[in-house]
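Note that the chains are named A, B, C and D in the order they appear, and that numbering of residues resets to 1 at the start of each chain.
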Amino acid sequence: MTTGRHANKVVASVAEALAPIKDGMTILVGGFGLSGNPEALIRGVIERGVRDLTVVSNNAGNLGKGLALWLRAGIVRKVICSYIGNNEDLHTRRASGEITVEITPQGTLAERMRAAGAGIPAFFTPTGAGTVVENGKETREIDGRRYLLERALPGDVALVRARTADRFGNLRFWRTARNFNPVMATAARLTIVECDQLVDLGAIDPDDVHLSGIHVHRIVHVPEHENAFEYRTVRKRA
Amino acid sequence: MTPSTPPFTPQPTLWSTEDMARRAAREIAAGSIVNLGIGLPTQVADYLPEGHAWLHSENGLLGIGPFPYEGDEDPNLINAGKQTITVVPGGATFDSASSFAMIRGGHVDLAILGAMQVSATGDLANWAVPGGKVMGIGGAMDLASGCRHVIAMMQHVTKKQEHKLVRACDYPLTAARVVSLVVTDLGVFAPTGDGFRVVELAPGVTRDYAQARTGAPLS
Amino acid sequence: MTTGRHANKVVASVAEALAPIKDGMTILVGGFGLSGNPEALIRGVIERGVRDLTVVSNNAGNLGKGLALWLRAGIVRKVICSYIGNNEDLHTRRASGEITVEITPQGTLAERMRAAGAGIPAFFTPTGAGTVVENGKETREIDGRRYLLERALPGDVALVRARTADRFGNLRFWRTARNFNPVMATAARLTIVECDQLVDLGAIDPDDVHLSGIHVHRIVHVPEHENAFEYRTVRKRA
Amino acid sequence: MTPSTPPFTPQPTLWSTEDMARRAAREIAAGSIVNLGIGLPTQVADYLPEGHAWLHSENGLLGIGPFPYEGDEDPNLINAGKQTITVVPGGATFDSASSFAMIRGGHVDLAILGAMQVSATGDLANWAVPGGKVMGIGGAMDLASGCRHVIAMMQHVTKKQEHKLVRACDYPLTAARVVSLVVTDLGVFAPTGDGFRVVELAPGVTRDYAQARTGAPLS
């Protein structure tokens, strides 16, 4: 009897978790800005020495942190994202032609990965109708409204940050650190999770699981994270 | 010995449904995600070591456990056959859209499904009898077309001795070219495109015996 | 300043909750078999006296219970479901022509409602390719595989059963009673929830909400339910 | 009075950004679901009574509360502008796909968005300046095309005194025919198809003053 891909998922190190990553792969990386980033996996990919990566991420880093480390390391060939903003590392490399940047509406980015994970090869969406996002895409009027056909966006690997994982890979996320992490986990052939807490089977009630371990293939426990701020906005105590 | 006595022919010992379930269970890799169809395939769970595989129920659960102890039944914890069940540690619940996204998206490694006909090309027919009462499709088409591998389980022939392993299905299809293995009371057979490869035969079942009951060439 | 549709959702009675339901509407009804059924709302619709309903439900009742009550009451014109099985009330009325039955693969049924809730008017799916489900539908080969185009399935009203609701309509479900309830809640113009427990705002942690109250418009607290069994399978205690 | 002194012309008191935010807040119905865009629209929250509306953040939260007290900031609890926030009682978190399903599916009642240009037909341009640095789209197109109503907030003219309320946008569109109201430092204006209806003017702003600064007829 062979062993399936859902046995023994917990690995001892980031390096072991990332062993399957190869040059030229498409990597989906969870996070919104610097929140919910798989920080140790991001650093580990640089140490692994792969290159020519296509990266799917909402922002591809910022303030020199997160995926900006990959941009600076020169291991990225293409970025598919929704927003560059003040990510100067990306602006610079886009301008020089070092990196190709494909900009997609954020909801379309999420839905294309949701489709990939759900076995839907293509779907119609109203987002971007009548805009430059239409360019090169099939359009159709349905019930009097204009829609674009968007394609599923699968990844070779997803790098995901979770607050809690059990040994099967059932995940819970914390607040808005959830963002793209669960949907990316569904959309990749291999999903690697970096969790703050690792717990035994049964420690999470079945109804409290945010994402089933069916979408998770490797788990590495990383207790310490930087969790960088972008804009620390506060109010004074009364 | 009287002249009227026929020569002794050993009768094959056909597999019981328990034998079939036990044999199908051997196809399940440790640490795989498996959906067991309603009816006979559900029995396959009885032959899996504890913790061996993760059982998926399309109504919204990964990690089906054994039936509950008497008195512990919960009508809101059921499998796709509407039987009361339990959840194993590490199980998780989810809604129907997420559950079928798992199936359609190829995240379920294996479905073991009941069948009415299987063709030499791996076509599966298991949801409707021509001219019969329409029972519905349920999750059958999603499971058959979405899971990474599909094993069919069925009696080798109908009660009227009609073939069920056939060149081409004449029952309405559930999905085309999806079945990789068929477990019957005669043995285990793999669709090859123009026939079926004999993987294993039940005790005393000869190739000729099986061929006479199969609507496509055995190899 | 006008009042939006998310103010004051908790109503005092089933009758009040169901007041907007009218003849000829398409009603999405949560439940898988008899589990997770909005039992009081189902009974209430009969008392309300509406008719010619189109019902979307995985099973449309069974054993004379659940939506079988609507079938017997003669208030249903059409059923969209995935499975009839031994629901004799539906078999009989389908055979007599009293009710039109549209049978859809279960995953397609769920995904069509998910699409309706998510603003996706149509999507391609592999389920049903090469089968009678293709009849009358657009097909397309994408990357060498055959797909059907399926349309979104919205409802006028969704009737949903939840274990716990807060006053905004944030919901939690119990075990496999979740099933079609959340996705149907997203797919209707008006979603009416029957909850076992009603709690104050803040009683459910933000990370523990299964379905946001954005998808809920009326809430009625119904503490007692039959929760009928279909197959009571057990093992003996050792 | 000397001959060289011009006749006295009262100068209009243009609305400050605070005035604009306060005015936009009045458009928010009690018990509605609202997404406030990054920048100026975010300030609208300051003028809403506690518990008045539910604020949606497209990165995965419904129920944004005020900024945290000093020392309570959580880098993993942020709004779409990456500012640290809190959650109100009754708030809920969810993933990006679910969040944009809410937006695209028409479940968000109102988006208040910053704008670069708004046309007389309600077209919105707010994501790119022709020839400028490409900042990206973010959630702008989903919000503009998905929310049930869209209010645009912007200065009435550019720093170079160019019109921003125009017959037709020459900036790249975010979405076509979606804006129902524009709040500027001159007042409130509603696209009518061939121009803008004056809903309200800031103190001392005359119709002529506004018309001179608007690229389509006011009515």
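Going forward, a contact is a pair of C-beta atoms (placed from the backbone, for glycine too) under 8 Å apart; a residue touches a chain by one contact, two chains touch by 3 or more.
None of the values given here were measured: they were computed from a predicted structure.
Common neighbours of subunit B and subunit C (chains touching each): A. By number of C-beta pairs in contact, A-D leads when A-D and C-D are compared.
Distance between subunit B and subunit D, defined via averaged C-alpha coordinates, is recorded as 58 Å. Averaged C-alpha coordinates give centres for subunit A and subunit D that are 30 Å from one another.
The mean-CA centres of subunit C and subunit D are about 37 angstrom from one another, to the nearest whole unit. With centres set at the average Cα position, the gap from subunit A to subunit C is 32 Å. Taken residue by residue, subunit B touches two or more other chains at 61, 87, 93-94, 100-101, 103-104, 146, whereas all remaining positions touch fewer. In subunit A, 111, 114, 118-120, 125-126, 173-175, 178, 206-207, 210 are the positions where the chain touches two or more neighbouring chains simultaneously. A list of each chain pair in contact follows: A-B, A-C, A-D, B-C, C-D.
Within the complex formed with subunit B, the subunit A residues making contact are 1-8, 114, 116-120, 166-168, 170, 186, 200-202, 204, 206-207, 209, 212-215.
Remark: subunit B residues 57-61, 66-70, 72-79, 81-85, 87, 93-97, 99-101, 103-104, 123, 133-142, 145-146, 172-176 touch subunit C in the complex.
Here subunit D touches subunit C in the complex through residues 26, 28-33, 53-54, 56, 61-63, 87-94, 98, 100-109, 146, going by the rule given at the top. Contact residues of subunit C toward subunit B in the complex are 32-36, 58, 62, 81-85, 91, 94, 101, 103-108, 110-111, 113-114, 125-133, 173-183, 210, 227-237.
Within the complex formed with subunit A, the residues of subunit C that make contact are 111, 115, 118-126, 142-143, 145, 147, 172-175, 178, 206-208, 210.
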